[in-house]
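Two complexes are shown next, each including chain A; its partner changes from chain B in the first to chain C in the second.
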Partner chain A sequence: MAVIDTTQSVLASSQQRPPIWRNSGVLKWVAQIVVLLLVLGAFWFLGSTAIDGLAAKNLTPSYEFIDGPANIQPSEGIDTAPSSAGRLLWVGMVTTLQVAIVGVILSTILGVLVGLARLSNNWLANRAASFFIETLRNIPVLVQIFLWFYVMSNTLPDLEAGEGRRFFILSQKGVSIPRIFYDDGFYQWLAFIALGIVPIVLARRYFNARQAAQGGQNLAGPATLAILAVFAIVGWFANSVMSFLGGIFGSNETAVDRVNEGGIAGAWQSIPQSLMQLLLTLAVFGLAIGFIIRFLNSRRTPAGLAKLTDDDYFRMIFAVVAAAFMTLVFWVLWPGLSSWIINSGSDFWGWLGDKFGDDRGTRPLDGMLPTVSDGRFANYGPTGATLTVFRAALLVGLVLYTASFIAEIVRGGILAVAKGQTEAAAALGLSRSQALRKVILPQAFRVIMPPLGNQYLNITKNTSLAIAVGLSDVVQVGQSVFNKNGQSLAVFTIWMAFFLACSLTISVIVNFINGRLEIVER
Partner chain B sequence: MEQGAAVQAAAPPAPPTVPAESPGDWIRKNLFSSVGNSIVTVLFVLIGYAALRWLVGLVLDEERNWAAVWTNMRLLFSYTYPADQYIRIWVSLGLTLLMVGLTLGAFASQVRLSLGGLLTRIGAAGLALLVLAIVHMVDLFGLTFHSPERPVVVMLVVGAILAAIGFGGRQAVGAGSDDERTVPLFAVVAGGALAFVLFLWLVPFGRYEAIGGDVIAEPGTVNFTTKFPWTIMMALLVGGYLAGLAARAITGSTAFRLFLGLWWVAGPAFLVFLVLRDPEFDWAHIWSTDLPMALGFAIGGGALLYFLSAPGRGEVARIAGAVLLLYAAFNWLAAFGDLNLPGLGTINWQWYPFASPPAGVEGTSMLQKARISFLLLALVALIAPNFAGELRTRLRFVGAWAGFMLLMHWLITGINTPSTVQVVQPPFLGGFALTLVIAYYVMLASFPVGMMMALARTSKMPIFRVLATGYIEFVRGVPLITVLFFFANIVNLFLPNGMELSDLGAIFLGYTLFSGAYMAENIRGGLQSIRRGQFEASDALGLTTVQRTAFIVMPQALRVSIPNLVGQAIATFKETSLIAIIGGFDFLRVANQSVPSQPGFLGQNLPALLFISVIYWIISYAMSRGSRSLETRLGVGTR
Partner chain C sequence: MKNTKLFRLLAVLFAVTLFAAACGSSETADDSASGDDGAATDDSGSDDSGSDDSGSDDSGSDDSGSDDSGSDDSDTETVDVAQGSILAQVQDRGTLRCGVSGAAVAFSFTQADGSVTGIDADYCRAVAAAVLGDADAVEFIALTAAERFDAINTGNVDVLMRNSTWTQSRDTAVGMDFGPTTYFDGQQLMARASDGFSATSDVSEIDSAVVCTNAGTTTETNISELADTLGIGITLNTFEDFNIVTDGFIAGTCDVITTDGSALVGRKAEQQPDDQEWVIFPPTPISKEPLGPVYAQNDSQWADVVNWTVYATVILADEYGVGSADVDDALANGAPEVIRILGGEGEIQTAMGLSADAFYNVISQVGNYQEIFDRNLNPVGLSRDGSANASWLEGGLMYAPPAR
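Up next, the complex of A and B:
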């Protein structure tokens, strides 16, 4: 009896809930909601203060200036006389992206080389790489960019005046090399090469099957290259046969003409706005529901569904709320988004369609030599690819600085591969370079990839230092825009959106590669 | 079997003796072991020759006027700090060096460096100088030989002397005895200081001065106004080291360490705001308002906390904390003046004596520091029961609160008092001093921000986690320069009337928030390395969440994240140079703009830039080496 009594009293006390002010579950939520309200309140308060203050100065934030005149000319870029402020910002964005992409490629190559040299048996290579790394990564990148800028403009030869074409020009004003560019037939040529996919797939299947059956060397790789080469060479001369694609893609006319013209562009253009809104809504809810299903599956244990915490419920509710919010955006807050998607989709196909056609020349690629006129590089017309001293200083500074970090990452990644792997590769009779290519680097890559992605992010963000040397990147042109019209808040949001989009793109790519590289455990 | 027995019976074998390697063997093994290796060697000799020749040529080129650096040392390091007040700079530097000495004496007294390694480094430095001089003289591609100019002769002589000392000393000490022969760190520091002083007094470096745009370079040793103070500085460094050794032995390490820790948090602020700014204190106001308020919060708040931290008062503390929090929030609300609620009318706070008076009306409002203090008191009262315990524990808790309050009130008063130092361009600091001060305080201030954000991001409470994640990822996705632009240009628009951030304050705030996000990620790495068992063990002990975080999780997490935190500190120091872009006269801006715009040195950007890169490099490199040795001493990764 006594035993039962105690059990019952324990049961009774466990069922008795603590008072509300001592219940940690309640308190946690109260604290969170209070903090959330405080944060939202602070944002609302500060934001309304700013808007009131700006309105008092006749500077109510708006994006109307984007369609207004540029008033400023960028020092260089894809368009040195932009028609509107929006175009000007776009020119800056393209410059930023160009520097970032070239910087990523060059710093990866240099970083890997230096990292390998740092691991070399050769004392001199080892020391030289170590000197490179320790020197460059301990000096601020901005100081390095300035240094390169003054070194280049103080020590390189003058740009020799006078007309003329040369193969390579190295001068105070910059570097110029022959330029290769797409000519009219380029897209037709690409389409022709794409035809080669069918024989490539067939050939690969055949050679793989042959190796599986008979052993020996797998000729799939060489066969692929050979077929590609054949299609590239034939297509170089015969690309005009692909011009019929222009009619399928549509043409780059006004919206009404495009619909009459037909093709993909016309079909795209005639999608009603409400249909697009519906499709977007369905896509967003599909994503949310997919997330919830995957999430619940991940919580499923052999014994049934695991107990869900507050946090888990929050995740699922958050997914639904986010989807609902996006729906609100599509239908009420920004209905223009759907028509924008329709228009730009149609624009894309129309643009592509314009790249095909009977009047196109047959040469896919062409080249030009550097030209000097009036003591300066020609910006336009038939001239070479010119790297002005501003861009060169920024690029060299960023590449050397980032390469010194990448070298350390590569070295760490290779050292992280267990020694047994090297020994096993040697025992199998692989040569040192084979072991490096087939055993060590693939495993090291797994360790290297996440910090490497961080460095790519860094180099993209550091391109904003272009402002120091006066190169017209997105930050520099943005600053000149808001110095002119006072729309600092609007320009600031454009910067943020641009850089966040870049960061997001890089992280998505890096995460995707990471996912592919992950060890699949059974 | 027999062999095994024989080996066991024999005396333990002597460690194998490594036969001394001849230089020829070494070269064959490390440079020409195979054909590929030889090709690599030749390739790197050519690359290295070209790069070094280019670098030395850049430095020694006749177009580089190095007098631009030697004449502008003061400008580079302290910008336009008035010369008649310069003693303040020396006092600050002297106190800092004294404390560096004390800290080294207290914490690094056991550190010993290998004598052989040290001598090898000296020899290698000498050899490097010799190589640079020879590379400069011999044109390998044109097969010609330059007769050496004066700087090259100096390089040759100094290089030869250093190489002789290094390698000669190495031979005398005896090769292969690295483990036995060591010297204490003190000898290295004192030797370095002595060498520096001897250099200043004996070496005919030249006396550089700029008078009215004309540069005067006389032969002789450096100016008396340079070498005399620096001699005292070096004496203070060495004296501080000795005093640290003594103080540690006399006072016992805990109290002394506490003193040093306090100094490194508050001392630099003391130097910057009191010594360097020479604020014009309104003593009547201080006696009547500031001091009583500070004491009131320290003592009154302390008494409240003492009461609340008694065991068994958890409930009372929670209620008191909640009431105080509401009051603190109300204070902030009233500070912003009348509240316009759209559609609901206006709420007027004028009945409250401490509310901000409406614009244009004379009146007193509550001092900002009182509002901050109330908020802090409310938060500390809420967590007070977690620090409950014996009398000693409670007193320590209360003491920490009182000390913090006094420090904070003093600091805010100091910052808000106008400076009396007359400078050409505000702020009163510039050049290297500004760089150093901003870097130091951004590191210090971003630490609590980062810690809070890391805790929030790893928390199980979803709203906190989402907010922290959003903040961290947003900040990490945008470049520092745009954040600084925002804070330098736009942030004042967001502040209500009557509140304003100074340029420097805005930069500091923006940089701290930026750095805090990165700090949070570093600390989060540490937090995630804590094993689950630690959480379970502290739960089993009945610790509260705050206690578990403060006493169990955080100390371990921070120890793990030390390498990353030092890396972050180095990055913060380097990126301070971005201030130059948004208009601050930091080290880089002075070197890149102020110096080359002087009439005597027009266009001389390169010497000053090369000089500051060396200074940046020395500090960053020293920090990274220091972190490596700290890692080893704390045994990170080996436990």
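Up next, the complex of A and C:
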């Protein structure tokens, strides 16, 4: 009896919990929370100090100017007479994106070509590529942009006076080529082509099955193209049969008319706000619960659920907290969000509905030639697609500068592929270009992709040099905006949010491609 | 075992939520408090100016200092003012930090040897002479149009003499104050005569032209609004640096450039190539551009120093004709107001926190308004006669309050 008593007391003492100030589980959490509070406190302190300081200077940050008048016009872009400052900033953002996207594409093509030339056995190509790289990457990009601006404005010809339409205009104001734009029937034409998906799927299935059964050439690809061509050609003339879609989508009227008009836009408009709030709440909780279930499943071993760490609990709790916070946002903090979703969803369907209808023209695409309206001034055609000297200087400067870096990255990536691969490809009888395309480059791209992403980020950020050559990008129009109203901090946050969004998007895309290129390990 | 752990975590979660809620409410409370503070700041500002008007005793700086500490007790918002006037900071530092353009011919233009010349640069020197007794104790800081107001707001420059237009929104929303206008300017356009322009051309003739100007200025707003009003379409390219604007104009990429008329006159005088003829139009400027000093908001002591430096140069030039050559003579046996300004009696300047001979230093080292104007603006073909910059005695707008 006494023996049993002692063993029990030993057991009890070993199971006794340590005091709370020595319990490592508790201490870990206390440390986490203290750090969280310190970080939040620091942000709160910095933010409130900044706001107080600005308030003392009568400069309380405010975003009201976004709805105010623009007062200035951007040099070029999707809208040269914006109705509000917010619209003006949007025009600038689009111009920035255009330059960035075109710059990324052109610099990649040029960079890969120069990088290959740098490795070429041809002495001339090799030396020329070295010269290109060493010159351009060692000159600051701003200097290059200025250089191209001066070169283009001073060496391109004046436009000879006179009026008329031309196919190609090159002058010191820029270069203008014929422009193709979509016309009234464009969306109906697209819808008509979309009808072709059904026969394409059927045809692909048939040809794939036939090749699997009988061998020989797979005709799925050519068949797809042929069906698409047939639908595009027939749809060019017959796209008005799709105009019935206008009635289904609804129309772009005011909210009340839209409901009466019916269609998807009307149905969307008549969703009550509380229902939308409920749906959003269910959606976020569904996501949170789905995440927890998937997470627990991933921790399930054949022997049962693995032991969960504090970190695992924290993830699950965070999912629930985030869902709860979003619910708070939907119902209390920002109830307007639901009605905004309802309205903009309805707007979208109404807008789509407007693109269809019996009263629309049926020509899907149209084109215009550059036109010199007055030989004295309009030195490039306002009705053609025009690349102005200002945009060209920025683009050429950025592309050449970035291409010189990309060329070196490509060269490094190719050299990183073991020499044995080239020799093995040669031994298999592949030609040099085949070896490059099918053996070397696919492996080189694994090395190339991450630094290439950095270059894409750089070219996007460097577009802010547009102000040097008078192109209305987001930075330039933003400067004009805050020079009028003094809201530099507000404009800076808009710039930061915009460039952050661009950079993160590029990162996501590059990481996705990177993931696809990785060696799959089994 | 696991249950207790979960329970503990839930308790922690609850604590975090409580904290978040508390944070949210405290933030809103703070917002309302800062609103009150803003009102308090305004009140203390008006107190300041009131005491300056009535303050007849010698200790001008002490006076405003006690005022500031008074407002300091009531709230912590007025730290900026409580740190002391910019005047005290400049006197401690021994140099005046003056924001200029560096690229505005005849206003503030950086010469090849690094010196800065122009009417704006001379008024920087005048303020330095008044505050520090040495017209050369100036640190010129070249600013772009887009940077200049942030430079004032952050205190990077003490005073901005950067041909800045006095507008309602800048005076109110942008958070700074404007001094007396030193040059009444107006926006004009410049184009090539070979494109069919003359000095009497109308703005509507620039239809479909490529117009270039500075980014972040009133000129881009003016020309945008005018083009909209006239119903003409222009391509407006705005550049950070006005040197690039004129280079684009010389090359022909820009058909028309537009900015303040005085700057165009200066550029035409300096840069017009032999094979081009440039014309400036329309005869009546398309906007009012009163240019003058700019300084931080709510510092009336510093504002008084800058303002009266300008007024002293105007009074002595237009009403008494006292220049740098005859300033000693005028101090000895001039009119009573002249003697007051030049420090013969001493009370007025010391009440402002300056030495008695502050404006004597200005006139002797830099000159009066007429001398500053003639030195900088006559060479590019601008004259006071018949313009808005003539004295009020001759039908112009240059007018200073009496010094007594």
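Please note the rule applied: the second predicted complex is superposed on the first by the 378 of 522 C-alpha atoms of A that agree within 3 Å, B and C clash if a C-alpha of one lies under 4 Å from a C-alpha of the other, contacts with A are read in each partner's own complex, and residues count from 1 in each chain.
Everything below uses one rule, namely that a contact is a pair of C-beta atoms (placed from the backbone, for glycine too) under 8 Å apart; a residue touches a chain by one contact, two chains touch by 3 or more.
All values derive from a computational prediction rather than experimental measurement.
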First, second, both or neither for A:35, with chain B first and chain C second: first
Which of chain B and chain C A:499 touches, first, second, both or neither: first
First (chain B), second (chain C), both or neither touched by A:135: first
Touching partner for A:154 - first (chain B), second (chain C), both, neither: both
Chain B versus chain C as contact partner of A:518, first or second or both or neither: neither
Chain B versus chain C as contact partner of A:467, first or second or both or neither: both
Partner chain in contact with A:121 - chain B first, chain C second, else both or neither: first
Chain B versus chain C as contact partner of A:479, first or second or both or neither: both
Contact residues of chain A, present in both the chain B and the chain C interface: 33, 36, 53, 146, 150, 154, 467-468, 479, 488
Parts of chain A lying in touch with chain B, wherever the complex brings them together: 21-22, 28, 31-33, 35-36, 39, 45-47, 49-50, 53-54, 120-125, 128, 134-135, 138-144, 146-147, 150-151, 154-155, 309-311, 314-315, 318, 457, 461-462, 464-465, 467-468, 475, 479, 482, 488-489, 492, 495-496, 499-500, 503-504
Chain C - residues contacting chain A, complex: 5-6, 8-9, 12-13, 15-17, 19, 23, 27, 30, 34, 37-38, 41, 77-80, 145-146, 149-150, 153, 169-170, 172-175, 195-196, 206-210, 212, 215-217, 220-221, 224-225, 227-228, 234-241, 244-245, 247-248, 251-253, 255, 296-297
Interfacial residue positions of chain B with respect to chain A in the complex: 30-31, 33, 37, 40-41, 44-45, 47-48, 58, 61, 63, 315, 318, 336, 460-467, 474, 476-482, 485-486, 489-490, 493-496, 570, 574-578, 580-581, 588, 592, 605-606, 609-610, 612-613, 616-617, 620-621, 624
Complex contact set, residues of chain A against chain C: 25-26, 29, 33, 36-37, 40, 44, 48, 51-53, 55-60, 71-76, 80-81, 146, 149-150, 152-154, 158, 172-173, 313, 317, 321, 373-374, 376-379, 382, 388-390, 467-472, 476, 479-480, 483-486, 488
